[in-house]
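Consider the two complexes below, in which chain A is the common component and chain B and chain C are the respective partners.
Then we have the complex of A and B:
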């Protein structure tokens, strides 16, 4: 077994070193690191005000490092949600077609290894780079936070941050898988990069605009019954949730703000007698469980598509 | 007319002779005071100013004494600032001295006579005591009975009247049953003794606090004001009506619980009668979030004696639509006399069913990928 899987890890190691040497990944990582440090700075300078607001999240001061902002610069979580997909696309869009164009893919395939090792190794390597970067940034934020606030995170907070980082990885992996899929489907790296960015742009910009238009068209009259309004809002929210960015945003919110008890509209009936209180990590996970399931499933599905198309791909030597 | 004139001369003559005679006879000492017979109440001090008139041709130095003064009366002779027993008077001169007589409080009504002597001169004096005198203490209140429940304080107002001639320092004591607390206040300050000037009245307020678990009933509390010589007792009566109080809690005092949305949970409740009277027909009710159901087993407690506890189970059913997190559930126990409520913090948890469905979906996708691995990867 060790003998068989050894070439796999050789490829993984090679891919990682390729990523670390390539300019596009380094530039993106530096970009993300800088913006995250900027958001950490705003979080630290605003954490005093954030605490004064007197909400139930006050017990989770450490989580505020990831969510607090003064409005000028988005918070850490928002940056990850915005720039993470770009990193995923950047790491994946030229994975296969560049090698094919260079002719190295057929040479690689002539080696005595399983075919899917190539795709899997590339995927694992990219995921590894993403994970290293995310955890490095996350722990950097925690470390700086420790220095500047002086309050250590509780076990609960630490777990929440780790879960948040893991889910960020899943989210970035989603875009990585999409980019891998495009890199297999299209011959030119430019095409696959553009397709990936197009999808990303669609979901991060146009989807919301389209939803606004649809929402306006569908919106009930001001005289509508309350339950009709609630139904409409739920419907709109469900439409929005087709966007992975929306799913990720809801997950981030629930993970980093323990006082979030529900996503979506609430009836007065449900709020009657409820007192503001933070949820435990398990309950928070259960609140976003549908979103989590959706995100993980989409990620796996995209990988599946990439896998199938790679396995069926005809690779000729030039 | 002639006769008339004769008569006049007769009188004149006789008078003249008499005067001569008197002049001859009065070559002696005289005692003089204008108030020879006065009327005073008991306890009064009388000040006589008495003159000694020396009509003789020689210096006189008579002893001054008082005789026939009743027992218990005090007297003192002073001249200038000295207590004197003798007083020298120049010829054809007069001196005055003071006699101070104190009528005791404890004296019978009537006439009292005594004589002041200075040498051969005598001055009989008479004092009429206008009323019956006393030597005693009066400790009285115009409201010796009070009613209240076990939680209330009973404030009595008493008057302590010192009818003796001396300032008295009264020790204030109460023979209260065990557990009762009696506080005396004299002049607004908490005290165990009170000083009362003679013939004055001091207001004493007495605050009585029954023990918290006192049974209903009538309690007599004797209160005493005593000195070495005189004392008086006052009996206060406190009527304690039964107090109604109860406690609603759980056996361990924990007022929080968790519940899964849409599920039922049984909560043990304890109703504790902490009052002193029996509570009847304790009904349990709840104010709950919408969509929740709360029922009690048993529905009510028919009777609960003082100090006893009853166990009740509350069956709580959370709304299916309840969101995870904390809800407040108020359960109250009511009788016409008293009601108590307890706030429960119910932590709602999401049912795990949808969680498992999510897991199944993820596993299905992962399984498909694994299948693809087997199908394509290992050829």
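Then we have the complex of A and C:
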């Protein structure tokens, strides 16, 4: 660490301690921890039935801890996909505008630091909190799993879980970046929180409803040719993929269920001669490569928006 | 002739059609207390932002201690302490913690920062409030903490933007004495922006009168010493007399 980057880590340290002391972050982390423990409980009590079904995922019993559910309580992966965005929004929505409203931003900017340090440090701090929470939870689930089912995870399973946790971080960072952007653009923290939640609600609820309506309008007649039906299916799937939640769901599915070989419609011709065996981690990654790059690029894009608007913002005293 | 620490040449800032600062030329000497006097919206704050490199000028040049503020703001901010109008602090941190944070941002190690912060808090008269959260500070206490916050990085120049707004009259007197004292003690150059005629007259060595983004005239306060009403007359002459309080 050289002299010029030292103030950067001073800001990061202060921001992390702010997060740890703030109620909103603590409450959300407790909420997520509790729901994940709940889903772990259902997964453990149903794991016997899950094995009996005799699918190709049987060799990956450990991954079932993250995906199994009895229908009453969603699985760990689903919970992260649902509550993760809220955590991201909660950590980012008041990052810049509260500093501005309290008059600390202009004081901070008059210190000998580069302007982007402030935004970058806040981002790193939030990501650090998110990462610690996710990995703590993920490893906790693995630890409990070890105690209760008594079968250690294979190296492959471990790697899959780590990749899943890393990608969950990317997904939550996406919402964090969006919230940061809103916190720069709107003066009131309440406005930016509501804008963030509105976008989240749109993609987690209304987007699917709208797509259902569109799908109904476009659906081919029952007499249509098979390739027409396939084309329609592909088109609808691609429309759905505009939602980051859908991308994340496809990624988690592929990472945590090694038997998933394709995310689109497959014809019998394509399936012909395929051995129903699980894919290796590399192959699974290849299957979701487009989704993965898509998710990462949306995340970077939002950060870029936030960065540019912050650098252009003229900061006066409150 | 004294050395110039701040040199503004042809400085202009436009927001759309509105010209906030219009072709400003100004030199500030080392060690003097210079007053920027003018009504609200005269371009004082915008000029200060450009001196600090927080805003880019539309045209012209700012040089602080020979460093260009627009191209290397970080170097300038190392030498200049800035107390914004209505300064804010992190309310759930104590005054002490706020000062240490600022010191650390300036690359001062924690142990040194602790000592410095303690002595500065005593000097600005907050010796008994070091462990109180700044959320509970009064306006006057916040401004004094702001002064300590500015001084902790050992600046060569301090810029105070309307530092007395919102403080009661006795508080203002204390504050002005404090600034005078600190400036003489440390040989600081002070840039003091205000729309209060009498405060400026009390504190400053030289005054630049601002109106509508232009520097209307430069006044040497020492030459006026025997004529207390003079500055007011000059002010009224240039600004119509209905704007001062």
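Here is the rule we go by: the second predicted complex is superposed on the first by the 316 of 318 C-alpha atoms of A that agree within 3 Å, B and C clash if a C-alpha of one lies under 4 Å from a C-alpha of the other, contacts with A are read in each partner's own complex, and residues count from 1 in each chain.
Operating definition for what follows: a residue touches a chain if its C-beta (ideal position, glycine included) is under 8 Å from a C-beta of that chain, and two chains touch if they have at least 3 such contacts.
These figures come from a predicted structure and were not determined experimentally.
Asks: Based on the superposed arrangement, let me know which partner A:301 touches: chain B (first), chain C (second), both, or neither?
Replies: In the superposed model, A:301 contacts chain B only, not chain C.
Asks: Could you say whether A:314 touches chain B, chain C, both of them, or neither, answering first, second, both or neither?
Replies: second
Asks: Answer with first, second, both or neither: which of chain B and chain C does A:261 touch in the superposed model?
Replies: Only chain B; A:261 stays clear of chain C.
Asks: Residues of chain A touched by chain B versus by chain C: which partner has the larger set?
Replies: Looking at chain A, the partner in contact with more of its residues is B.
Asks: One more residue to check, A:14. First (chain B), second (chain C), both or neither?
Replies: Once the two structures are laid over each other on A, A:14 reaches chain C alone.
Asks: Quick one: classify A:272 as touching chain B (first), chain C (second), both or neither.
Replies: first
Asks: Classify the contacts of A:114 with the two partner chains as first (chain B alone), second (chain C alone), both, or neither.
Replies: Once the two structures are laid over each other on A, A:114 reaches both partners.
Asks: Please indicate which partner A:26 is in contact with in the superposed arrangement: first for chain B, second for chain C, both, or neither.
Replies: Neither: A:26 stays clear of chain B and chain C.
Asks: Would you check which partner chain A:102 touches, where first means chain B only, second means chain C only, and both and neither mean what they say?
Replies: A:102 contacts chain C only, not chain B.
Asks: Across the two complexes, find the residues of chain A that touch chain B and also touch chain C.
Replies: In chain A, positions 114 sit in both the chain B and chain C interfaces.
Asks: Contact residues on chain C for chain A in the complex?
Replies: 45, 49, 52, 54-55, 74-75, 77-78, 80-82, 84-92, 101-102, 104-107, 146, 149, 153, 161
Asks: Please name which positions on chain B make contact with chain A in the complex.
Replies: Contact set of chain B toward chain A: 288-292, 319, 321-329, 345, 347, 349-350, 352, 354-355, 357-359, 361-362, 365-366, 368-369, 372-373, 376-379.
Asks: Which residues, counting only chain A, touch chain C once they are in their complex?
Replies: Of all residues in chain A, those touching chain C are 3, 6-7, 10-11, 14, 21, 102-104, 106-114, 314-318.
Asks: Under the touch definition given earlier, write down the residues of chain A that touch chain B in their complex.
Replies: Counting only chain A, the residues touching chain B are 114-117, 261-262, 266-270, 272-277, 279, 283, 286-287, 289-290, 292-293, 296-297, 300-301, 303-304, 307-308, 311-312.
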